[in-house]
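Order of writing sets the labels: A, B, C and D. Residues in every chain begin at 1.
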Amino acid sequence: MDFGYDDRTRRLRAELTDFLVEHVYPAEPVHAAQVAAAGDPWSRPPVLAELSAQARRRGLWNLFLPDRRYGAGLTTLQYAPLAELTGRSPYLAPEALNCAAPDTGNMELLAEFGTAAQRERWLLPLLAGEIRSAFCMTEPDVASSDATTIATRIVRDGDGYVVTGRKWWSSGAMDPRCAVFVVMGKTDPDAERHRQQSMILVPRDTPGVTVRRGLTVFGYTDGPHGGHAEIDFTDVRVPAENLVGAEGAGFAIAQARLGPGRIHHCMRLIGMAERALELLCRRVAERVAFGRPLAEQGVVREWIAESRVRIEQARLLVLKTAWLMDTVGNKGAHTEIQAIKIVTPAMAEWVIDKAIQAHGGAGVSQDTPLAGLWVQARALRLADGPDEVHRASLARRELRRWATPG
Amino acid sequence: MDFGYDDRTRRLRAELTDFLVEHVYPAEPVHAAQVAAAGDPWSRPPVLAELSAQARRRGLWNLFLPDRRYGAGLTTLQYAPLAELTGRSPYLAPEALNCAAPDTGNMELLAEFGTAAQRERWLLPLLAGEIRSAFCMTEPDVASSDATTIATRIVRDGDGYVVTGRKWWSSGAMDPRCAVFVVMGKTDPDAERHRQQSMILVPRDTPGVTVRRGLTVFGYTDGPHGGHAEIDFTDVRVPAENLVGAEGAGFAIAQARLGPGRIHHCMRLIGMAERALELLCRRVAERVAFGRPLAEQGVVREWIAESRVRIEQARLLVLKTAWLMDTVGNKGAHTEIQAIKIVTPAMAEWVIDKAIQAHGGAGVSQDTPLAGLWVQARALRLADGPDEVHRASLARRELRRWATPG
Amino acid sequence: MDFGYDDRTRRLRAELTDFLVEHVYPAEPVHAAQVAAAGDPWSRPPVLAELSAQARRRGLWNLFLPDRRYGAGLTTLQYAPLAELTGRSPYLAPEALNCAAPDTGNMELLAEFGTAAQRERWLLPLLAGEIRSAFCMTEPDVASSDATTIATRIVRDGDGYVVTGRKWWSSGAMDPRCAVFVVMGKTDPDAERHRQQSMILVPRDTPGVTVRRGLTVFGYTDGPHGGHAEIDFTDVRVPAENLVGAEGAGFAIAQARLGPGRIHHCMRLIGMAERALELLCRRVAERVAFGRPLAEQGVVREWIAESRVRIEQARLLVLKTAWLMDTVGNKGAHTEIQAIKIVTPAMAEWVIDKAIQAHGGAGVSQDTPLAGLWVQARALRLADGPDEVHRASLARRELRRWATPG
Amino acid sequence: MDFGYDDRTRRLRAELTDFLVEHVYPAEPVHAAQVAAAGDPWSRPPVLAELSAQARRRGLWNLFLPDRRYGAGLTTLQYAPLAELTGRSPYLAPEALNCAAPDTGNMELLAEFGTAAQRERWLLPLLAGEIRSAFCMTEPDVASSDATTIATRIVRDGDGYVVTGRKWWSSGAMDPRCAVFVVMGKTDPDAERHRQQSMILVPRDTPGVTVRRGLTVFGYTDGPHGGHAEIDFTDVRVPAENLVGAEGAGFAIAQARLGPGRIHHCMRLIGMAERALELLCRRVAERVAFGRPLAEQGVVREWIAESRVRIEQARLLVLKTAWLMDTVGNKGAHTEIQAIKIVTPAMAEWVIDKAIQAHGGAGVSQDTPLAGLWVQARALRLADGPDEVHRASLARRELRRWATPG
């Protein structure tokens, strides 16, 4: 159980920190101004392309991908402290490094389960940052944390499949560069619970695909990052070779995709909480009310101390989980992945809330990153499974440990 | 200590409930569609004007104003259960009834402290819903909960005053119909702490007034409701008769304005929490996951029970406060006004958070009112004084009770 | 909904406050010393008898009993503020006034459901404070919040009944003066769920009754107040006329008994919280650490403010419940009785915890009443039904309100 | 940052687990019965001596002491998982292994700072478990978390020192076998803040020493473990060679003693929480209410999941702290020691509270270890410095990190 940062990690952390300080933080207000000035809510601010070029030049590119053929070949434990740093500027840094969801998960999926042709057509341009992709699993009419309720159908028809259904929260799909959708649906509703689902690639321009609208998250469209789309698939026909893996393998592939996806979110949340704590500390050191800096007020110190101890605990649990994923595999780390998914969003939400409170009106406005950070943390108490589902599942395992008479 | 609803209150509640069911709730999606379709973020959706006309026709107009000469002449205790109902649809109902902040506070201020000329010029069109107004107190560079830090200057110069300073969170000021700003600044920085400030009326079109930008609250501009403006006042000259009350009376007038303003917010928050609890209950009764309605899961029942008992307690405290304001005056109810300002936003935030969680992705999106309700509740933990300031002040009073040796 | 204190209540509050200040608070250290010096853990400290005599002389006697034939004839709303005051010294005041559980509930039960003979034999000496009684409902082997699980049998046999079973948490039964047990058991296990149980009077000295041991509550025996007994009933034969009410009426009688019992607990908890808040304020005003009184530290002020607003809210809910019990009856107030049972112990526990923390080591020791107060509040999150059962039940009712399609 | 258990740790954990299962858990009811039967509240139950003999025979003795000359020579990181196990039965296991506070801290102190004569006279019999010792730092009249307030005086007088003052919470001192007191007092009140204090050994039978009374913790005397004494030192004269270290070194020695003391407490608290979680899981699996095992109720599962994730996080932070103490020293681990002192007692308190709630009346009684566990956790939110002092100090450090302009 060794969580230490090795030399490569330390070197990459130093380089990434430089990049953040020199390029990313200064780009935050530029990004905000470009977004405000843009007529089209779904257009990509030019500063993002500049950051990407810069990151690529520095070798800070595709760090998330453990597969050496395509990516940096870092272990989960090596990547964790880097992903944490990108979380400090979550609207810019992950995308600048080509390490943003949902593309990361889709690239992993293609690298692991894709055919040579699928990798050629979709993985390579994704790795190059030329196109984007979306992951279409969640549906508006069912409790998507229960995969057996999925209503979208993928029906074999001659040499192809016909996809029919409605998806939402397909993040990134409002971006015109988003070229392909990874769609989960049922090929065999009568099979065993977790063998009913399959995964298929649907090019965006296939007839029958309608991107209906972007969803908001507490008022944000997340437009510059491709938003969150509601998409109709009406008799959408794709060739049979677009299937990812075998028929009935959809649930297993989704699970394989979700493990790393969840820990990446948690890593970045640690960074968000660190950023918020830094902003909180700076603010209360400067701001004076009733004759004293806020920093001298007992309740503010409670916030700071609590924030620090909550962050430290969550980070250790994330690092342990990363180490387990590297040593016993994602399946062996299942309980820990659930644990960090329960712990980290709520921790970050709490810390950011205190930072907002210390900033007064500025904290809820566009003048600090805090409101945006909070919304990301809050959304992650729901995304990739609500807390309650993870807690129920983790408890079931714990109960089994003691099921034998004592 | 009689909090019962009298006949007039009961009758008005029934009428207002009809109005909500028949007109307001059905108008919510219309309003959302009109906002989404509008090119101008600060334009007023036409449906609001229709609701206002309807409300006025039904006699549901200016209910907030206890002054019988101008308003409905209701006591605070009579108005409380009505304001609660308007909180169930806070983006539509208060404005439809001409009972929305900050106009309500400004109308009260003009009715109580304005000269005949000021009332003629500004109060009457406000009462008729023909213009809107803003209240300019908060400043970006100081801790505005400490009124002694206000930096805006109001300097006598011949037969006028010259106003210089920057304000922000001037709600409603982005609305082109917003015709007048009530500005607080210092006329005498050397006077006793609470005699330095004065209040003055600045017509929007006065030279030197620059409405710089709208602020966001989480991702919302609140544009259809006039937004929240940052405003520069650069050597803005207004006639001396624009002063409200005497020189040095600004702090006292602000306090008089804030008491009712705070309780109105709290009343509406009760209604927001009730709406959220209703949505929560309806959702969990319908939504099925893992083979059972969410309503049968223990943790959801804990949420519902806790929500109910928290709402009931907060409402009773608000009603008691209203009763005290009517019987011993705003000053005598000072502690209770602080108490409800501490209790109610946090209560509503908690209830709404649970309703969001039960709705999954729909809860954070534009498809339910919940995300917007949450943002309003969260902002009220800061607006009109952050919780921490109210708690510190309330504790000081409590400590004084026991200061004598025991 | 008028919660005001009427003249009689105000007068009794003044008299009771005098009694507390002049006699009860000074008796607290005397009581502690007598308990410490006693060889027998179940003996009654003499100071209690003196306080009782004094209280009776002042007319502060049997205030709890609404039945004018036997008690003070106060309404629930009139008694609430008095019971609150007795909660300020919960180990002395309720017993001094002959207003302590479980005797109060047993006296109510006998007054309402007892035969003339039962009242003559048991109620009169209880009213005179000459004997004590216990209520035997909870059993060690079943979840007693679910009355259908009760295992104790009451079997008709000739002109008598035979009682067999084990009870625990029979409060007061370790006191040698405790002369009679009110025992709940099943007369007909095959009847409808809530018609299986009956209630019967068992004199302590009946053959087959074995008081096995006293239970502790976080280390306390509550010995001077009769402790909490585990009792075996082995073929205990009593005459048929000892039945209270009809066969099968046990559940209904228990419910009738529990309503007032629960609100009395809640009233006293308000007083406990007030006492703790007073002690907290006095302590932090005096205690200096790191150069400043604790009272000047922000976090302590948060505690005080939060304590005050929580107490106020809980008290209003208790008063509303009392008012409902008086106007629509215990059944009509069922939801509110559950609400205060959920709210009040947790509120008091929170406040007392903060007072303990401010007292350091003294707070957990015998040198302040705080540790004892905390234990009472904590135990009431379980006694008379755990919070979770009340929450589940209250949520069920709330859900029913919205069950119709919306 | 390697927290893994090495071979020696793993072997000792296996042996200690055997010892717990075979001897300690079965001894818990025996211990309770012996305590209940003992006439003298301060007598030591015989079962403890048997457990000690057994532990010593198995080589499970003095594991806490890193000094190889006297103890097991384990690192902090090696000892942590063992101390955790002893926390599972905190009233028996630590003492059985001669690893119980305050003796452990006193033995460390003597090993590190004691003269050869002091070690000969006091350390050797302590290591052999023949005598016990107390640590006299806390005083009733001052805020003992602020060492500068200490009022006890240690005055040089010829070839000796005269000690005068009152101490309390001197744990273990009620045990007749407790032979020596390590007393902290001021030798030079005019010196620099942290050079005023000295530490001196006072044999219990020195004239002028009066052990006045035992303090209770909630309702527990902790009698079988030597209780918690209040002690008067009235002109107590001891030879000059009884001083531990130099004059003025008292504060530094106390700090050196507190670091390991605090982490030992935290390690054991992890074990207490684990024990409570096991009891909780077993209980809810067996107990049926309203037709279903408690384990199937959603809120119980939330408790279990939350308990598990809180325990895991706290353990990792404790292990990291242990690792830091071993690698950079107690001073370098100062922040982390504070962090675990803030986190661990509150975590354990929370978990144990839930276990109590699931057990109903049994949970607060003597029939489970839970009430006792809870009291230990609660007391540790105060002992060795209240949470608030640690939080304020940790926050100060965090603020310093960001003090430079950003």
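The rule is short, and it goes like this: a contact is a pair of C-beta atoms (placed from the backbone, for glycine too) under 8 Å apart; a residue touches a chain by one contact, two chains touch by 3 or more.
The chain lineup, named per UniProt: A, B, C, D = Acyl-CoA dehydrogenase.
In this text, all values refer to a predicted model and were calculated from it rather than measured experimentally.
Participant: Considering only mean CA positions as chain centres, point out the chain farthest from subunit C.
Facilitator: It is A.
Participant: Looking at C-D and A-C, which pair shares more C-beta contacts?
Facilitator: Pair with more contacting C-beta pairs, C-D versus A-C: C-D.
Participant: Nearest whole angstrom, what separates the Cα centre of subunit A from the Cα centre of subunit C?
Facilitator: Centre-to-centre distance between subunit A and subunit C: 53 Å.
Participant: Could you put a whole-Å number on the gap between the CA centroids of subunit C and subunit D?
Facilitator: It comes to 37 Å between the two C-alpha centres.
Participant: Would you please write down the residue numbers of subunit C that are in contact with two or more other chains?
Facilitator: Where subunit C meets two or more other chains at a single residue, that happens at 297-302, 388, 391.
Participant: Could you please specify the touching residues of subunit D with respect to subunit C in the complex?
Facilitator: The contact residues of subunit D facing subunit C are 138, 140, 143-146, 149, 168-169, 215-221, 287-290, 294, 297, 299, 356-357, 360-367, 371-372, 374-375, 378-379, 381-383, 386-389, 391.
Participant: Taking the touch rule as given, give the residues of subunit B at its contact with subunit D in the complex, in rising order.
Facilitator: It is residues 297-302 of subunit B that touch subunit D.
Participant: Subunit B touches which residues of subunit C in the complex?
Facilitator: Counting only subunit C, the residues touching subunit B are 1-4, 277-278, 281-282, 284-285, 295, 298, 300-306, 308-309, 312-314, 316-317, 320, 336, 339, 342-343, 388, 390-392, 394-396, 398-399, 401-403, 406.
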